[in-house]
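What follows is a pair of complexes built around chain A, which joins chain B in one and chain C in the other.
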Partner chain A sequence: MNLGRLRGLIWKESVQILRDPSALAIAFVLPLFLLLLFGYGVSLNAEHVPIGVVAEHPNPQTETFVGTLRHSRYFDVHELPSLAAAGAAMAQHEIRGFVWMRSDFARQTLGPGPGTIGVALNGVDANTARLVQGYLTQSWQIWLAQQQQEQGAAPALPVAAQTRIWFNPALRSRDYLVPGLIAVIMTLIGALLTALVVAREWERGTMEALMASPVTMAEILVGKLLPYFVLGMGGMALSVGLAVTLFAVPLRGSLLVLAGASALFLLVALGMGLLISSLARNQFVAGQISIVVTFLPAFILSGFIFDIRSMPTVIQGITHILPARYFVSILQTVFLAGDVWAVILPDAGALAMMAVFFLGVTLLRSRKRLD
Partner chain B sequence: MARLLALIRKEFLALLRDKASRMVLIGPPLIQLLVFSYAATFDLNNIPFVVINEDPGLAGREMVARFEGSPSFRQVAALPSTAGMADLIDHRAALLAIHVGRDFSRDLMIGRPAPLQIVIDGRNSNTAAIALSYASEIVLGFDADWAAAHGGRAAPATLEVRAWYNPNLLSRWFVVPGIVGLLTFVVTMLVSGLSVVREREAGTFDQLLVTPYRPWEILLGKAAPGLLIGAAEASVIVVVAVTWFGVPLIGSVVALALGLALFLVSAIGIGLMISSLAATQQQGLLGAFLFLVPAIILSGFATPIENMPRLVQYVTYLNPMRYLMVILRGTFLEGDGFVALLGQYWPLALLGAASMTAATALARRRMG
Partner chain C sequence: MPPRHAGRSPVAEPGHPPALRFAAVGKRFGSGARQVAALSDLTLSIPAGRITGLLGPDAAGKTTLLRLAAGLLRPDAGRLDVLGLDAARDAARIQARIGYMPQRFGLYEDLSVQENLDLYAQLQGLTPAERPARYAELLRLTALGPFGHRRAGALSGGMKQKLGLACTLLRVPELLLLDEPTVGVDPISRRELWAIIANLRTRGVTVLVSTSYLDEAERCDQVVLMDAGRLLVQGQPHQLAADLQGRCFAVRHVTLDRRVLQQRLLTAPGVTDVRLEGTGVRALLAAAAVPPPLEGSTWQPATPEFADVFVDRLQARQARRVALQVAQAAATDKTDKDVVLHVARLNRFFDQFHAVNDVSFDVVRGEVFGLLGANGAGKTTTFRMLCGLLPASSGELRVVGQDLRTAPAEARRQIGYVAQKFALYGNLSVAQNLAFFAAAYGLRKARLRARLDWALAEFELGPYLDRNAGDIPLGYKQRLALACALLHEPPILFLDEPTSGVDPLARSEFWQRINQYAAAGTTVLITTHFMDEAEYCDRLVLMSQGSVLASGTPADIRARAASPDVPNPTMEDAFISLIAAHEANLRRAA
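Right, the complex of A and B next:
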């Protein structure tokens, strides 16, 4: 490793970066754009869900129950005249579900013997349906308790369950989605920055010119890596800044841990891009491979949105080969819980091993040969 | 016509000549279909929980047994006191802790509200919300049975919930049709996103432009492989979704095919537009990602469009994936036919026509 030569290579790569603005756009515009769009756009918190109520015989009981539903921020209540109208509204996607209060509503709810109230939900989006079901049950219990209190009866629920939700008491989905989103975005940035750089040199024939010079392959790779690493860390800093300021995601861990983990992850992501690039030697194929192996796996298998613990065991095993998985876990923990070393150390260890693997294989595969 | 066929043949050769390129187009989508369809679930069936039971009585044990007996929960530890609980939750060894207080049984017997503490790891807020509702269900069941057995007042009325279209609320029925759309989309972007800019960088696009071919013919030639490969892969994926994953396809297959075809045209149009606008392949790749990623995240695939702010909802009207998701889920689960989906067809057709026209104009303009 010759420092003078290395400096020259880094200079050349930096000039190339500045000449085609797309690399700068990748490092800074991409995270800004994606984080703004998704930070606002992606939410699993269903609020103001349109829901129908059908009261066959409106009376004070049904009115107070509808009032409780109206009072909840989760619902947007539509009163419908008949069951048929509710069915039609459901088919048209105008409502997500409806409560059917039959003519014997009062007897069913407050009379002797266990009664039932009919509820229909659109189950296509099973997750939202389940959340709506939970909100409805909540409103239902609130209403029941009120009714019983008015009648002076003892509470019907023998167990007083107190629930505490740690790290995210309001269950804001944004607080867990934004840290994960940063991992997904950094995966894209890392691959996009380097996926084409070696392939481009091969395609244009300048790689052969480089080979004829005294620089070593390791110097070429470090020369490619370093400028993009600086760019990537800049993008990361921008993303974290946005998450904390604009989206008000709490950052309970230390910045130092965050920076260290990001540096490791970026090395992995850039290394993966370099490996794709030096294996493909052709920008078109390198581009195709990087689209296929980066975004969708990081989106679906990293735990960013779908909980890894809910996946079948075999699939959980597969997620271990995915760098984004470890980074998502680190980010969610450092942002929401703090510096929990029992989570951070194993994840960081896995990332370090992957970085060594990708960079090592890239170095081994790129000998000074022309074939 | 013959000359158009020759052009299309050339595009196929250019695309499939490279072995790596062939592999990328065929292998990953099928592997990803299998892996993602199993992976992408919001259902919780294995919630690890820790028990802290300080109650010497029977009622506490009965409550814990209900959690253990539930198929959704799995006990990972039992602690004598709350001392080690925080660690287990911090490390993600347990998602949930159930703390039965010392006086639980006694309070129940004398009719005082018996305290039960439930602590949940909220790092994944969606998982936490669902785990919470499962836990409440178990507690409510306990309540009802206790009241019935101990001669208290009868249990209050319960909500009898019935889910239409997906009676068991299986996430898979919701997600797999979405994955059909995702993979079809990625394949068309792979084929069309870099196709013009590659020729431009190589200099062969200029040669193409000086041939008697009209610009729209050249673009049609570029669109054809995406259309054919996209349609073929989409069909295979739909068949796998129905046969392997057992997702019902109760609507009209013709309506689904029409929807997919319209989607392919608009996605390819946008891909070619990006490709014509880019000066280098790096820019083309960036453009492809800048379209692909938002189009998927804002499609309603995983997070409902209704949850988005109004402004972002308006942006999604420009997203062909948005319409495809409705078409896929409508035909698969809700039994929709042609008429029910008209509202999705025309925006797709409009997007397709506009993007193909724009791509043609851009390809010609960049000549100068």
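Right, the complex of A and C next:
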């Protein structure tokens, strides 16, 4: 490798990055956009869910129960006159479910022996339905405890769970989503940066001129890798900064571990981009391939939203070849739990192997020839 | 045809091995049924220290040959030695000693002229001490000095090519490979490029340059003529031309129009080629043929040119003779001065940029009228306004008496339009393209069938009927585009750069057709940057930077540039001297 030529290539790439806004846009505007879009748009918490309440015989007991529901941030309560009205409101998507309190509500609930209230839920969105079911049960138990306390009776439940939630005590889904999101975004950016710029050299005919010069293929590849590595790390820093400030995600691990893991992952993503560009020599196709083979699998199979352990075994197997899976795991750990080496080391090892694989295959595939 | 160069081609001097030696080299692309042989069994030597021109029609294998020599492709068969090294094994060592400029040279458009030079100097390993002297010399040769800080993307086509050549020449290579360096370049830049190439002779550089401009062959020490991946002939251009001595004639006729004369002679026995020239035609006879008897014609022997060699050697591929179906009355009836296209004080601004500046001309029925100029001269903008595709900023435009502003649809029905690069639907078949354009022009039933049959027969599109228009050879795309434009039998034909990128054979066939339609009374308005095509126009305007520099018959325009030094200027000489005069005027005004 000739350092003079390499310096020339890196300098050329840097000047191009500064003058052509498209690379800067991919590195900085794209993560900003995706983080804001997903950070605010995707939430797994159900809050202010509209539910209906039908009290056949309104009395103090039903009033206090409805009051409990009203005080919960999970519900928007709509009082409805009859079961028929509730059914109609559910059919029109005005409410996600309703509670039906029969005329014998007070006797049923506070009397001896098991009592029932009716709960109907719209099961179309199964996830929300399950959450609402859980929240309702919780509200119900709170109300029951209050009632019994007021009447001086001991709680009827024999065992009470004392729950403590680790790592994300406030149960904010955003704290869990944003680190994973950063991994998905960096997958796309890393692959796009190199895939597009190499394809552009083919399109503009500059690659053919480079190939007929004394430059070696390794110099061309390193000349691409280094500038975009720096640019990608800039994009990563921006994403982490936004996560910590705008989304108030705690960063419990060390910055050094975060930077090291990011550097490793970026090498993998840039390597994938280089490999794609050795297959697709125009920017449009390279862009399409980057999105389909890096972004989409990373989005769905990395465990960033969908839990890998609940996937079918075959799909679980496939997730092991996705670099984003390991980076999601590292980021979620470093952000929420801290430097847990038992998680970080194996994941980093997998990423290192993948970086060697992608960059190695690219170097082997890249011949200074057009056929 | 057996190569006839034995003992004729410049023999390498003793002690000077050839720079390039091809021994039975073959190269194929694709696989299975779609495999194409780009080069077959090619054996040839390129002498060191000379300028060798590489010529041939499309798909002759010129680019493949150059890429093989640059070590960018590996031969499938045979052996190729470059500068004494095996190209298949020593590509890296070869690349350190050669310069290669691909057809679309790799300039970094976001970098300035100076930055491109800096980059390539670094890549070619020039030491910082060597650089200033090389930069100074190359900037002087290319006249790019004043543009050092301009971004390469903002240069004109000619300047880009000059900069590309300068980048290739930073470290003077032993062998320089140039792939069509002058394509689409204005005449002035073209001369400058050739001056730089010629200058390399003094440094002992071997140059192999491919070109589709036949006049450039005469600037080379020797030429290699190829067709379909095979060598046709190799030799010195003037000797190859001298072989045709006695077979070239300037023909005139007392009564016949030159286009009618051309049609007559093309169908006569023993005639290989007929081109328009001056007020008559230039005819090339087959070997051992005598001038066909034609009453009223006079035959003057003419000096053979390389263009004649090209046609002669490739005559097997020459197009069929376009038979004359024209009533003679229509052909000679140009005296009534029936103006079909009237343009007066036409202007067009793009923001502050004055793209078309006060252009005026009239075109008479049955005339072939040319708009000549380099890229960026304003030809296409003028054209788009004439077709009603772009509103004029100011001025008057009438097509067959109808104002394009008030009756654009009526006016457009009179026009057949072939857009630049042939606007065809690449993923529709040839038949589907024809059907679509016929429908777009409202052809129906019997007339539709008749016109489609006519198009297939006239342009011989049968073999490609079911192929996608994007996949057929360029010459056939050109035919298909012309067929689509002529389906509704328009009295006026607008052709925007129809011959750009098309090889000399297809160009010559194309002009035979145009001459035929003109002879039949169709008015043709055509833009071109090929100066030699100016001769085929009845009248033309020469444009530069949006203004008309000169207008009149080709002879008028050439006469304006005549001087004691150049008594018989070519159209290119005329163009260059008119531009020089125009620029001098501008400077005086400023």
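One rule holds in what follows: the second predicted complex is superposed on the first by the 371 of 371 C-alpha atoms of A that agree within 3 Å, B and C clash if a C-alpha of one lies under 4 Å from a C-alpha of the other, contacts with A are read in each partner's own complex, and residues count from 1 in each chain.
One rule holds in what follows: contacts are C-beta pairs under 8 Å (C-beta built on N, C-alpha and C of every residue); 3 or more make two chains touch, one makes a residue touch a chain.
Predicted model, so just to flag it, every value in this text is computed and none were measured.
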| item | value |
| --- | --- |
| Partner chain(s) touched by A:R70 [first = chain B, second = chain C, both, neither] | neither |
| Chain A: partner with more touched residues, chain B or chain C | B |
| Which superposed partner A:V49 touches (first chain B, second chain C, both, neither) | first |
| Touched partner set for A:H57, first chain B, second chain C, both or neither | neither |
| Partner chain in contact with A:D20 - chain B first, chain C second, else both or neither | both |
| Which superposed partner A:T216 touches (first chain B, second chain C, both, neither) | second |
| Touched partner set for A:R365, first chain B, second chain C, both or neither | neither |
| Which of chain B and chain C A:H320 touches, first, second, both or neither | neither |
| Which superposed partner A:W11 touches (first chain B, second chain C, both, neither) | second |
| First (chain B), second (chain C), both or neither touched by A:G118 | first |
| Chain A residues contacted in one complex by chain B, in the other by chain C | 20 |
| In the complex, chain A residues that touch chain B | 20, 22-23, 25-26, 30, 33-34, 37-38, 40-47, 49, 90-91, 99, 108-110, 112-131, 133-134, 136-137, 140, 144, 148, 153-169, 171-173, 175-176, 188, 192, 195-196, 200, 280, 282-285, 287-293, 295-297, 299-301, 303, 305-307, 309-312, 314-315, 318-319, 329, 332-333, 336-337, 340, 342-343 |
| Touch list for chain B against partner chain A, complex | 18, 20-21, 24-25, 28, 32, 35-36, 38-46, 48, 63, 87, 89-92, 95, 108, 111, 113-130, 132-133, 135-136, 139-140, 142-144, 146-147, 152-167, 169-171, 173-174, 182, 186, 189-190, 193-194, 198, 201, 280-286, 288-290, 292-294, 296-298, 302-304, 306-309, 311-312, 315, 329, 333-334 |
| Of chain C, residues touching chain A in the complex | 29, 67, 70-74, 91-92, 95-96, 98, 100-111, 115, 118-120, 122-125, 151, 164, 167, 177 |
| Parts of chain A lying in touch with chain C, wherever the complex brings them together | 2, 4-5, 7-9, 11-12, 15-16, 19-20, 201, 204-216, 368-371 |
